[in-house]
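What follows are several structures.
The two complexes that follow have chain A in common; it is paired with chain B in the first and with chain C in the second.
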Partner chain A sequence: MIKKFTRFFQNFFTRFFQKRKDLKLGLYGPPNGGKTTLANRICTDWLGQEMGAVSNIAHETREVQVKEHVEIQSKGKTLKFNLVDTPGIATKIDYEDFMKSGMQEDEAKERAKEATRGVVDSIKWLDDMDSVIIVLDATKDPYTQVNITIIGNLEARKIPVLIVANKIDLKKSDMKRLEAAFPQYKVLGISAKFGKNMDDFYEELFKLVK
Partner chain B sequence: MPHQCVRCGKVYIDGSSEIIAGCTCGAKLFFFIKKEHLHKLQQLKKLSEEQKHMVMHDVYDLIGDEIDRDVPVVLDLESINIPEPGKYELDLVQLFKKNPLIYKVGEGKYVIDLAETFKTRKQL
Partner chain C sequence: MLTIQFIPYQELATLDSAKKIAKLLKIVKEQKIVMLEGKLKSSEEAELIKKTMEEIDHKFMGIEISSIAATEQKAFKEKIRSMLTTLLLGNRQGFTIIGPANLVKEIKRDPDKIHLFIHDEKSKKGIKKL
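Up next is the complex of A and B:
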């Protein structure tokens, strides 16, 4: 009995005084949705520095990138988290697609291999996430296997999700189509590139991680 | 069920000593062939010797140092299909299920258990 009490108090005090684990906020989505552009926007707004390189060629981010201790403020409240930018998730990676963008064959094949490894890494990191922002291209069809698989798996893991419809500055963007595709989620239209709707986005972040 | 050598394509019946020791050509990777896939396997595009070597090199590169390259690797279901060097088809459902990571090459398929890599996940 005494042993049980001792163990109980030991556990209680260990938990109580343990340093709180940093919250991890993951950026997930298909390639070229604007995950790194959004990460850069957040980092530039709050840390004054960018996070990673962006490009028009898909699979520019091929390794998971982490920016620690990001602190944002909205309506007098402060939120601290580690921002995790992940490689785009795809079902098919073809070096010939990269060659169409002017890349040499060897370079394109290497990029394809690294992108494949990046997809596996993104999925591996998913369980470490406390909340996830899914970054979708608002000009593209949202009914894809990638989008549905990501959202379905986040739901199964009970990880809070915010869907961001990026690139709303473009004429081809269609918010209604995205909202109709995921009616059970909050879908927020932004332009990470031009900083459009970012105040709303930061406000939504507080709701997401509360 | 038969096993097929990834490099030379030689087929060994179940329980063959070569599956444990390695193929006579020196390769250590084998396809694990299910009956229902035998027909499909024959229809797949034939890769050149050079392409086969490239795919094997890429797969070893992708999986890193977790796999001992001197030990034969037994093959099963695929989660990543590599129909030819530089082309990858990913089965996201399998990957999200965290089933062992498996690579399949064009003229057949082979499986590599990457369970170890899931244990060595980087921590924040």
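Up next is the complex of A and C:
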């Protein structure tokens, strides 16, 4: 009880004072959902430069990356935040999967090691977030424990969440399945790669961090 | 040979989160599939993923995990009953399956049931559904 009370006040004061600084907006999700593609889209739209490298091989982002002072505008309003792109959260990492993508064994093992550290960092950074966008691949099964764990941890910390169903340009994408999986959340379909529905996305950002 | 170890709620109820996670991970690393009565807290799930990542090496590739809560999509009356049971007896509703990733290919929620697929070297596709 005392712990809960202390935590409530810690959160309250932390959030109160953080409002005066730039907000931290985190991009979370499983690997290859398109977090960095979305980060690049946001940065290109508003800063004119990309944020990080993307590839089809999982765990391309293995370190938390922060783009400071991102400023977006919609309907005459301005929103400033620090954009935090995190490595994809996974429960398993097999270096042989990287070898299937053409890597040498040593390189694959090193990448696997970096990827495990990336997952740990992503989880550690959860405490620092003010709002989070969960980026899911709309073509993939949404009922995974990683998704449930991320959402559960954000709920426990009372961090506002927007679920983004990315890759809606692909035929296999299934928005209804994602909406059914997370009925308590707004699920917004976008294609970060092609910029589809980005205006709606930016409007939702204002609602998310209000 | 495939070993499934059932862990009743009481066996972990008295342990703190760190010991609970250490115990689960130890069993999974012994190449056993854990069937746990009840669910872990979301903070424990995150901690389990962290600890798993720290232990990954060329032998241990990580885990597959899935859980189902008995209270999902139930009527209001049943949800209240479940909450009271949880308050009195602890969160023993639902269950959780955790297995080593080199043994368990995938655990799929459907969403009210769980399918567990294991690696099977002998089958043509290399996957066997349990």
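The rule is short, and it goes like this: the second predicted complex is superposed on the first by the 191 of 210 C-alpha atoms of A that agree within 3 Å, B and C clash if a C-alpha of one lies under 4 Å from a C-alpha of the other, contacts with A are read in each partner's own complex, and residues count from 1 in each chain.
Simple rule for what comes next: a contact is a pair of C-beta atoms (placed from the backbone, for glycine too) under 8 Å apart; a residue touches a chain by one contact, two chains touch by 3 or more.
Just so you know, these numbers come straight off a predicted model, no measurement behind them.
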Touched partner set for A:Ala90, first chain B, second chain C, both or neither: both
Chain B versus chain C as contact partner of A:Val119, first or second or both or neither: both
Which superposed partner A:Lys24 touches (first chain B, second chain C, both, neither): first
Contacts of A:Asn82 with chain B and chain C, given as first, second, both or neither: first
First (chain B), second (chain C), both or neither touched by A:Thr149: both
First, second, both or neither for A:Ala181, with chain B first and chain C second: second
Which of chain B and chain C A:Ala108 touches, first, second, both or neither: first
First (chain B), second (chain C), both or neither touched by A:Asp141: second
Common ground on chain A, meaning residues reached by chain C in one complex and by chain B in the other: 89-95, 109, 112, 116-117, 119-120, 123-124, 126, 145-146, 149, 153
Contact set on chain C toward chain A in their complex: 41-43, 45-46, 49-50, 52-54, 56, 58, 61-67, 101-102, 107-111
Of all residues in chain B, those that touch chain A in their complex: 58, 61-62, 80, 85-93, 95-96, 101, 117-118, 121-124
Residue ranges of chain A touching chain C (in the complex, touch as defined): 89-95, 109, 112, 116-117, 119-120, 123-124, 126, 141, 143-146, 148-149, 152-153, 155-156, 180-181
Residue ranges of chain A touching chain B (in the complex, touch as defined): 22, 24, 64, 66, 68, 82, 84, 89-96, 105, 108-109, 112-113, 115-117, 119-120, 123-126, 128, 145-146, 149, 153
